[in-house]
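Each structure below is given as structure tokens.
You will see chain A twice below: alongside chain B first, and alongside chain C after that.
Presenting the complex of A and B:
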């Protein structure tokens, strides 16, 4: 009885420690984005000055729009291509299918630094060079395997008789896919899309390699700004990003329960 | 509605011959059972008729139209799957409406047809439920309503009652038969349950190792099986093996068994006789003789299983265990270990060529 209580207490303490370790720096940063002092001085005095000045930082805003646009386009491309690829891998047997599936995973494990270098060299080699388009291509390549993995996992829970039943009722391939298969894998598609968005929006390394000085993404812009000299505006913009990213991840968790209940 | 003709259909998967030169004529409006053990090719045959898979050779026609290369979605068939395969993301009514909706029927027509189909399977009030809110029997009915609402030319059922418990299965058998009669649709039913095949179908086709072993009305197959396999797979049978004598067989120990049913075989050939357990009369002595029961064997009761309305006796005789089923008439029961005499008529004895 006594030991259980002690163990329980220890468990709670451990979880508390873990959460503090994870969230304390973020919370402090978020708080400081509302503090008057630019040098983290206490006492805390409330202000939204840094958020207001963010509005006038054209470079940061331009970078934010770039990031959003790239993330959204990446998401759309990855969801469409990734879902289609998952369906093809699910439905058809073809030569080299196993190899193709195996080759989908290593890009997830290869350090982004290496991927980024490789892409930079490759894009220069084929004449694409650097810039937003190169960044978009890079992000699509990074995010696509995530979508395929997530959608394929969902497809594993799909009963193939459902497609057969739909066909026996006269549905053509398109109708079968849109009305039977897609509704079933939708949670996976949404989760895959959120993954793709997060991979793109939070992407620094690959974007840094592929960005040109004038045209860049938010994480790269933040890095550049910090190198020039730290301002609480960075706290403000980081807080916004964290709120958006966490909201997306919570949505992912809500929609995607690795093949569990619907 | 339409009949289905399967002519010389073969289908192999690698080296495995799933269907080997199968021909069956399914007449318009009939209720057929394809019966066989697992791996016999019955489901493969159903999938060829449905159009999920195409034969390597042979022809399939529905209503006189050649369909062996027509994909399933263009064949106008209705199919009920073993696990119902209801669309989980749709309500019951939307499930039933699916076939009409993909054909582009207008909404009013769909709504009234769906209601009619649901009424037919006695689920008229459950249209708004989701499949997971239904019992097994109800799902079965929804699957049936969904399959017939498009007025298909033929209804295909792949072990549709396999997932139901015994009592529900009997109810559904009666229900299925009623609905089939009501709409008069040609129905082909795959099952491994011989009782189901016997009670429901007009004709039965027995398959084994991809070949059609025998085909005909249930009574004919039961009373005149053409092979040991057909005799033992559809119902119980006592099999005697020996040499043909012209009017029966002679067992290795010299006992003659007369047979008046089945093949006529020249003397000397290897042959078997099949006798249904309920056709054999069992008695403690030879006195109660009946001229018609010309076949007689002596044996010893090794076991009795009482099943209420009848008892099954296992009788040992010359190294063979024979089964005898006796109706419960209130007469004296025989004890295990008792010496008995078995008698049955040549009319109850089916002569089968060895093979």
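Presenting the complex of A and C:
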């Protein structure tokens, strides 16, 4: 019993260490974004100067708007197309269904470097070229499989008898979908939408290959700035991004259990 | 059963098609056609659109096999992938075990969320945050010198260990997630049975827990290894001049050297390597399902 206690204590301590490893760099970055010294020198002196100067960085602001717009449009398109596809995969039996489901995994499994460069070549080849539209095309394709997987997982918990019951009470297909099925899968749809937003808003690799100097997104702009040299302004904007995406994730967790609790 | 099944399946497709078509059309245009185009372009001397004359060639692949540089870099990237994956196993598996078998109830839920939370925040920004920790005069340097009685210089920035640290930080939540899912599915009574039959803790770990959680380990390893082999942003930011890997060479072909056909060939070779690795991992994963 004694050893069990000690081992459990060690286990908890170990988790603490892991959390420190995961969060320390992020916390330090956030602290440094409030530090006076632009070269991250200690002692620490409080300032919000770097956040204030963000407002005057037109390039960063334009890139932020692009990122937000693309993420929102990506989310809407993915939720609509993804929910429709999930419903079809759930409701109907047909030849080739297994293949269609298997086709969702290459976009998730293939490294973004390969997908991104392939998109660059193809979009350039067919005349779509680079820019915001190309980035949107790419983001939707990257996020769509996640949405289908998440919504399908939620559909697995749906009782088809409910649809039967509604139909036998005289509801048509559209009414059944809108009044019975959709409300049930809503948590999955919302979680899928938040996933899609996160995939798009945080996407760097694919955007990087498809961006042009005028039409770029926030992560691409940050990468360019990092390579030119670190600045506290980048710390400030990075801190904002981290806080926003973590808040988003917490929101997702509310709608969708990842842990598969017993 | 066969005949009605067949008719049902045909009418099923007719009803399913309007719902499926938009999503799969999009995936075709933005993923499957580009990947096919990449294969096609990798056999060309030049892009047909640039107006310059072009022809089919095996030269891009010949370049990979004749110049040892590309093969060396691919091997370096594979080694990087292997090292990062191993570190993720060493760090992530015990954490997943504690989460699944030691912690209970709400504290488990909260800590699980805390572990996977950073993973959904911007990867680029998290890599960048390490720069502040690792550089000379950075936090690690300052902190260690404040504690230690003698003067040491910590300047890990722009080194191979920095790349490893950054990548492990980025990918360890994957390993915790996949191992946790398989570990918590193991029935506690199996572990107790092993113990009461006289097996030591180590024996139970070796004979019961690790074999049963193998699918999670393999899934985590595949999810980590594949993107790390294709990584280029992490080595660029944290590796500096030592951060030249296969991924950064592909990046160069597209954004600096503008030799797209060669870049396509290098990408396709990477894709082939990735597919082989996933194919090797697949049987273990399927056995679990």
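The rule is short, and it goes like this: the second predicted complex is superposed on the first by the 256 of 262 C-alpha atoms of A that agree within 3 Å, B and C clash if a C-alpha of one lies under 4 Å from a C-alpha of the other, contacts with A are read in each partner's own complex, and residues count from 1 in each chain.
As a convention for this text, a residue touches a chain if its C-beta (ideal position, glycine included) is under 8 Å from a C-beta of that chain, and two chains touch if they have at least 3 such contacts.
Worth saying up front: this structure is predicted, and the values here are computed from it rather than measured.
By the touch criterion defined above, A:52 reaches neither chain B nor chain C.
When both complexes are overlaid on chain A, the residue A:204 reaches chain C alone and has no touch with chain B.
In the superposition on chain A, contact is made by A:219 with chain C only, not with chain B. With both complexes superposed, C is the one of chain B and chain C in contact with more chain A residues. Contacts of A:20 after superposition: neither chain B nor chain C is touched. Of the two partner chains, chain B is the only one touched by A:167; chain C is not. In the superposition on chain A, no contact is made by A:36 with either chain B or chain C. In the superposition on chain A, A:178 makes contact with neither chain B nor chain C.
Shared interface residues of chain A, touching chain B in one complex and chain C in the other, are 262.
Across the interface of their complex, chain A is touched by residues 50, 52, 71-74, 76-79, 81-83, 85-89, 98-99, 102-103, 146-147, 150, 156 of chain B. Chain A contributes residues 159, 161-162, 164-172, 175, 179-180, 183-184, 262 to its touches with chain B in the complex. Note for the complex: chain C touches chain A at residues 5, 8-10, 12-13, 15-17, 19-20, 22-24, 26-27, 29-35, 37-38, 41, 47-49, 91, 94-95, 97-99, 102-103, 108-109, 111-118, 120-126, 128-133, 137-139, 142, 169, 172-173, 176-177, 180-181, 184, 226-227, 229-233, 236-237, 247, 250-251, 254-255, 260, 263-264, 267, 270-271, 274, 278.
Residues 8, 11-12, 14-15, 18-19, 21-26, 28-29, 32, 40-42, 77, 81-82, 84-85, 87-89, 91-96, 100, 103, 106-107, 109-115, 117-125, 137-138, 140-141, 144-145, 148, 198, 201-202, 204-205, 208-209, 219, 222-223, 226-227, 230, 234-235, 238, 241-242, 245-246, 248-250, 252-253, 258-262 of chain A touch chain C in their complex.
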